[in-house]
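The structure that follows is given in the form of structure tokens.
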Amino acid sequence: MSEATPTGAIHDIGYRHYDGPRLGASYIRRSLFLETLRGAFGLGRSGRSKIMPFLLLSLMVLPAVVVGIVTGYFGFDELPMGYTEYVVNMQVAVTVFLGAQAPAVMSRDLRFRVAPLYFSRPLSRQQYVQAKYGGMAAALLILTGLPLTLLLAGALLAELPLGDQLPDYLRSMGGAVLYALVLAGVGLVVAAMTPRRGVGVAAVVGVLLVLSGLQGAVRAMAGEFGNDTFSGYTGLLSPYTLVDGVVAGVLGADSSVGDGPPGALGVVVFAVVVILLVVGSYAALVARYRKALS
Amino acid sequence: MSTLELEEVSRWFGNVVAVNDVTMRLGPGVTGLLGPNGAGKSTLINMMAGFLAPSAGTVTLDGRPLYRDPEIYREVGLVPEREEMYDALTGWSFVLANARLHKLADPEEAARRAIATVEMADAQDRDIRTYSKGMRQRIKMATAIVHDPTVLLLDEPFNGMDPRQRLHLMELLHELGDQGRTILFSSHILEEVEQIAGRIEVMVAGRHAASGDFREIRRLMTQRPHQYTIRSTDDRSLASLLIADASTSGVELVTDSTGGSTVQVQATDFSAFIHAVPRVASRGGIRLLEVRPADESLESVFSYLVSR
Amino acid sequence: MSLIRTDGLTKRFGPVTAVEELTVEVAAGVTGLVGANGAGKSTLLKILLGLLPATEGSASVLDLDVAREGPAIRERVGYMPEHDCLPPDVSATEFVVHMARMSGLPATSARERAADILRHVGLYEERYRPMGGYSTGMRQRVKLAQALVHDPGLALLDEPTNGLDPAGRDDMLELIRRIGTEFGISVVVTSHLLGELERVCDGIVVIDGGRLLQHTTTASVTAETALLRIEVDGDPAVLTTRLTETGIVVRRDGALLHVDVADDTTYDVVRDVVADLGLGLVRMERERHRMTEIFTDEAKGAHV
């Protein structure tokens, strides 16, 4: 005979309060930063949104791999393409990446008015912008840093001496950081001004291509007049040549564009402009979100 | 000039039938147009204003078809739901422009009167872009009444208005209705419709589901037993006496959150039931404290009509 | 602990005063906030969330000072905006989890609470679909869910029934009542619809032009009057006469009779007379005051 033991129970699945940790604004900012970085590569979103970023990443990496193979195969004693000119040469791919992803990072919160939901939470405006800016910059850093590192790896595999490769590699990585900060700033500001669907992509790409083209044209004209100083300053017109100029002037690399910033004054001007661009972009983004809660 | 008639009216947009075989008659006074989202209310109103032609059937005002008849436009005023307006104009110039478009004899006077009626005289010289939602609604109202129409159509007019503005608009519509104008307004807010509309027209998925005074409609819903709520000094005894009567089909003792108790009764024979209640309570010596129909509200009628 | 306390709170934008000398103390429970002026309401909400500094005066939310402890307040308050704020290509689950993390919840807790709260607001399989395809009712529920997912002590709901049809409105009001009672979260609801607030709120704060007009409990503005409203099936004239004969004061209003309730025996007299005359009793109920009277009294005063 079996004993009748109570086997039924109804469990309470009503509302539960939360007594766990609330991790504060720094944690939140870091979370948002990581989500932004992942989002820039389409991770954590639909399959379709991964196509563009990964395609562009592959495009960025391809020349580095090819150069590595070719160097090894033909036994060159130096890389046919240098580290510090890599990004300038590949700028179209970087521009397209920025154009595709900056709106995804910045415009959506504005277009769909999600911003009030963020600002009614512990994160401040500044911290929000820091996370977004940081995420975009980190994405660009990966986009540019990965091929440079692969280039180094290729060179080492081709048995080129590390001591020869390292200085320029480090200079180019420094450049990668600056490219990331400047380009993210410009891209995000343009995207924040153009929240309408599709307009942001065109605007970001358009602005960067136009500036690049303008820089090239003005420099060519300056060349016609034989004015080297003016020619050197034309580098200020495009973010790519601007950063390249700083890497050349401050870090001592070879300029990828003519002679680089003219003289010590030129170097200072270039560096100051870079700083202003980064700080100015940050400030502009913070201002853009000022009336977001309403 | 104030009878609006729709005779077997349908309106479709491709495969979407927004209004399906509607026959309706609107006379002087205030009528409420109700229906869930997408029921075809706005389409109906646009046809009544003469801006949209019916795909089938006729829409007439005192016998004359409305569509594209400029004479008719003098008699009809429309307050649409859409909010887009000429932001750069001041309230005054907007209403005045409308008055002029109507070729009124004295447009300034008409505009002044209309703006005074909606109590926007203080703000009339400010740009419309500075107006709040409620103020925009009032200016829209002013343009709709500036030509003193006999028919006034309002699509969700109370949207965005605060309680005071609502009360004011309700009074205004009441007044205009008492003056003999034919007024139709659509709304989701049943409590307001209850307060000012003498009659209601209910649309469900493009079909005309019911019309008339909502209490009358309730009485006509005979397939549905009436629900009554009764409070007394001895609910249980009363409940047992009521269920013994043939007019009821169910009784339930309900305790609410504050600890008060009531008897909920389902009455299949309304007339017999309401006679039974005082009789039974009197004989049983039970004091009745409250006797009220629980499902007579417009809300209840409406949810029944929508679910048919 | 007081929920919200303000003391002489004033906010000026140049010549415009959005909030003026507001002194009020809101207790726990469900409170309605009715304001004649839209600008005043959103300014007040921003100040309470610590996002806008006051020009004068002070305020505290959940005993935290809005001037100095803004982030702490925003950690413990949920906000449901009036306008659309949901991105269309993300699912409700993803979105609410993200918002939970943006409130400081660690990843695992965020997921669990998001799942639970979506169930409580009534979103089931649809929570996995992108929100672009949601109806208004579903969107309002998601907005509510993100306001509650981090277990706030106070939920600020700005016109939560906006755009909903009557059935949806009912559901939302029922949900708000549950939040205030079952969930134990205090709620401040803004609305223009006094009927709704009557149903759901324990108390109501009325603001007009940035100033406090009234702060009462729902119970006191919807108290019973001394009048009994009676409707019968049949000729009310006979009933009127007979009732008057018994000494009861009767006023006739079309089909309705209004009777002064002298004492409890009035009910019995009415009952017996109706039964005696063989009339049907359609309704007999004590008149209650309505919240709208706050404004009609005001309006009548203003028209003078």
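Just so it is clear, A, B and C label the chains in written order, and each chain counts residues from 1 on its own.
Basically, a contact is a pair of C-beta atoms (placed from the backbone, for glycine too) under 8 Å apart; a residue touches a chain by one contact, two chains touch by 3 or more.
Since the model is a prediction, treat every value here as computed from it, not as a measurement.
Peer 1: When you check each chain against chain B and chain C, which touch both of them?
Peer 2: none
Peer 1: Looking at mean CA positions, which chain is nearest the middle of everything shown?
Peer 2: Smallest centre-to-centre distance to the global C-alpha mean: chain C.
Peer 1: So which chain is the furthest away from chain C, centre to centre on CA atoms?
Peer 2: So the farthest one, by centre of C-alpha atoms, is A.
Peer 1: Would you kindly tell me how far, in whole Å, the mean C-alpha position of chain C lies from that of chain B?
Peer 2: Centres of chain B and chain C (C-alpha means) sit 23 Å apart.
Peer 1: Between chain A and chain B, what is the separation of their C-alpha centroids in Å?
Peer 2: 57
Peer 1: Distance from the CA centroid of chain A to that of chain C, rounded to the nearest Å?
Peer 2: That pair's centroid distance is 48 Å.
Peer 1: Counting only residues that touch at least two other chains, what does the list for chain A look like?
Peer 2: Where chain A is concerned, no single residue meets two or more other chains.
Peer 1: Under the stated contact criterion, what part of chain C meets chain B in this complex?
Peer 2: For chain C paired with chain B, touching residues are 34-39, 136, 164-167, 169-170, 181, 192-195, 208, 233, 264, 267-268, 271-272, 274-275, 278-286, 292, 294-296, 298-299.
Peer 1: Once bound in the complex, which stretches of chain C touch chain A?
Peer 2: 42, 46, 49, 51, 71-72, 74-75, 77-79, 81, 83-89, 98-99, 101-106, 109, 113, 116, 120, 146, 150-151, 182-184
Peer 1: What part of chain B is in contact with chain C in the complex they form?
Peer 2: Touching chain C from chain B are residues 36-37, 132-134, 160-168, 188-191, 257, 271, 273-275, 277-279, 281-283, 287-293, 299, 302-303, 306.
Peer 1: Along chain A, where are the residues that touch chain C in the complex?
Peer 2: Those in contact with chain C are residues 14-18, 20-25, 27-28, 31-32, 35, 45-46, 108, 112-114, 116-124, 293-294.
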